[in-house]
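Common to both upcoming complexes is subunit A, partnered first by subunit B, then by subunit C.
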Partner chain A sequence: MKVRTETLLWLAQRLSAMVLVVGAIVHVSTNIYAVRGGLTAAEIIDRVHGSTAWLAFYLVFAAVAAIHGPLGLRTVLNEMTPVRGRAADLVALVLGVGILWLGWRAAFGLFG
Partner chain B sequence: MSVVHPVATVANGGAPGSTGGDGTNHKLDVSIWRGGKNGRFVSYGITLRESQTVLDVVTYIQRHVDSTLSYRFSCRVGMCGSCAMTVNGVSRWTCRTHVSEVVKDGRLEIAPLSGLEVVKDLSVDMTGFFEKWTRAKGAFVPGPGPSRDFAVVSPDSPQRRKVDAAIECIGCGVCYAACDVVSWNDDYLGPAALNRAWTLYNDVRDAGNDKRLAAVAGNVGCLSCHSQQSCVKWCPKHLNPTASIAGLKRATVKAALAGRL
Partner chain C sequence: MAKPVARRNCRNHSNYWAFAVHRISGVVLVLYLPVHFYVIGLAIKSEAALQSFFSLAENPLVRLAETILIITFVIHVTGGLRLLLIEFLAWRDWQKTVIAVSGGISLAVGLVFLFNVF
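Here is the complex of A and B:
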């Protein structure tokens, strides 16, 4: 892969990590708060249904997760396994698209 | 496999006055790597003298026990960077490492520096190490046209300070041998070459930075560094290659965003 692309992917992983940290704190703390009275699907839907703020949050959250995780996995594959180069790119791409699809589908599903 | 060398059980003549720090004679069990890649450790029993360095011990064995032992040194005062070896599992400059600092239960295991091809015994082939300095564009590139005057670089300028912090490298290879990424990625340029590139990146007289940044970016260069600082921990000159590499990371990202990479 070209040096410039490689460098920009590296940057994307760092930037997505920063957003992910904030996102994870909001996501987990909301969960802990919400679970206090027992967690039911009805309660979750009640909270996020029709809320554009939550929709926006989870769309961003899923997007950065889809960037960060696969790029990290790609590095691990390149460094630690025989799955390198193009093969590692492909695994990362499939995983990234998969996470994005599942994440966004869930976010839109909860929204309404 | 460890074998006891036949001559090795002879101590150094019980040399009168050869004492440990507390005035008593200390026996030292020294295991030294002998042969090439498929060599083995051979044990030598010697008597430790006061204030002996690891290099002194190796020299003693070579001069008095087995003259076929090969190793490399030059200055003996921590300047040339040629005496690095693996001592009790850790890479060290042996001429400035006292036995008392590193000895464990009266034992010293001395092996060639890791990460490089063994030539024989304790000497390694440093070619790969220095080739990476070349690949990292570790040579000064003069600007166009002849220089007509001295370049005045203020010692207080931020760039000169960055150079100062990294310039005292003696090329010993200790950091290189201590780096995990070097051990699993043959092409990784390693802490010393990248540290060198950083000093030139900050040299205001140098005109080779575009090519240099392209050479040190990517998977063989600064972006592969895990920042876990083994290089910092073991560099005998107390340099901080990790910080130099972090500087290169920032510089390469800026260049990539500006389309200069």
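Here is the complex of A and C:
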């Protein structure tokens, strides 16, 4: 892998991390609030349904997670397992596309 | 000839443990993510489908597992902030303090969640 590509992937992982820190604070705070008095599907759907602000939040949050997680796993695979190089790239790519698809599907599902 | 440094000596260091915790929590979270999104995606079918899954969360063991998951998430976020500080700011002597603060925040958020979920 070219040095330039590795540098760009490193940067993508760090930039996505910065966005995720903000998203995580919103997500965990909302979670703690939502579980008060029991977690219900109705409560979550009521909050997100038809709300473009929440839809936008979850679309961005899922997209940056789909970049950050698989890139991190790719590094771990390359450094600590026999799954290296192209094989690690492939695992990260499939996982990234999968996470993005499932995440956006869930976000649009809640939006309605 | 100098004796080779024992492996465990290299690891008996707070920065090594911060690295290990960050790796392990990261792998756990990236594997959990597709499952999490799939479950929330049940809302597409119906509210009842999602609710039937949430009903599992009435089990205290599931609530405990959720709490551990939240702690894992927050410890990865705060540990990640530590990495961003190290990589993007000038070197400082407060590294061990950052590790301690990271662990403290994670446990505190976990406890807040635990008190709210029960």
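Going forward, the second predicted complex is superposed on the first by the 112 of 112 C-alpha atoms of A that agree within 3 Å, B and C clash if a C-alpha of one lies under 4 Å from a C-alpha of the other, contacts with A are read in each partner's own complex, and residues count from 1 in each chain.
By definition in this document, contacts are C-beta pairs under 8 Å (C-beta built on N, C-alpha and C of every residue); 3 or more make two chains touch, one makes a residue touch a chain.
Predicted model only: the values in this text are computed from it and were never measured.
Engineer: Looking at the overlay, what does A:A56 touch: subunit B (first), subunit C (second), both, or neither?
Structural biologist: In the superposition, A:A56 contacts neither subunit B nor subunit C.
Engineer: A:N78 in the overlay: touching subunit B, subunit C, both, or neither? Say first, second, both or neither.
Structural biologist: In the superposition, A:N78 touches subunit B alone.
Engineer: A:L93 contacts which: subunit B (first), subunit C (second), both, neither?
Structural biologist: In the superposed model, A:L93 contacts neither subunit B nor subunit C.
Engineer: Identify the partner contact of A:A17: answer first if only subunit B is touched, second if only subunit C is, both if each is, neither if none is.
Structural biologist: The answer is second: A:A17 touches subunit C but not subunit B.
Engineer: First (subunit B), second (subunit C), both or neither: which does A:V26 touch?
Structural biologist: A:V26 sits against neither subunit B nor subunit C.
Engineer: Can A:L8 be said to touch subunit B (first), subunit C (second), both, or neither?
Structural biologist: first
Engineer: Who wins on subunit A residues touched, subunit B or subunit C?
Structural biologist: Counted on subunit A, the partner with more touching residues turns out to be C.
Engineer: Both subunit B and subunit C contact which residues of subunit A?
Structural biologist: Subunit A residues touching both partners: 80.
Engineer: Along subunit B, where are the residues that touch subunit A in the complex?
Structural biologist: 181, 184-185, 214, 217-219, 223-224, 249, 252-253, 255-257, 259, 261
Engineer: Please name which positions on subunit C make contact with subunit A in the complex.
Structural biologist: 23, 26-27, 29-30, 33-34, 37-38, 40-44, 47-48, 50-51, 54, 57-58, 70, 73-74, 77, 80-81, 83-84, 87-88, 109, 112-113, 116-117
Engineer: Which part of subunit A faces subunit B closely enough to touch in the complex?
Structural biologist: Against subunit B, subunit A makes touches at 1, 3-4, 6-8, 10-11, 78-80.
Engineer: In the complex of these two chains, what residues of subunit A are touching subunit C?
Structural biologist: 14, 17-18, 20-21, 24, 28, 31-33, 35-36, 38-42, 44-45, 62, 65, 69-70, 72-73, 76, 80, 95, 98-99, 102-103, 105-106, 108-110
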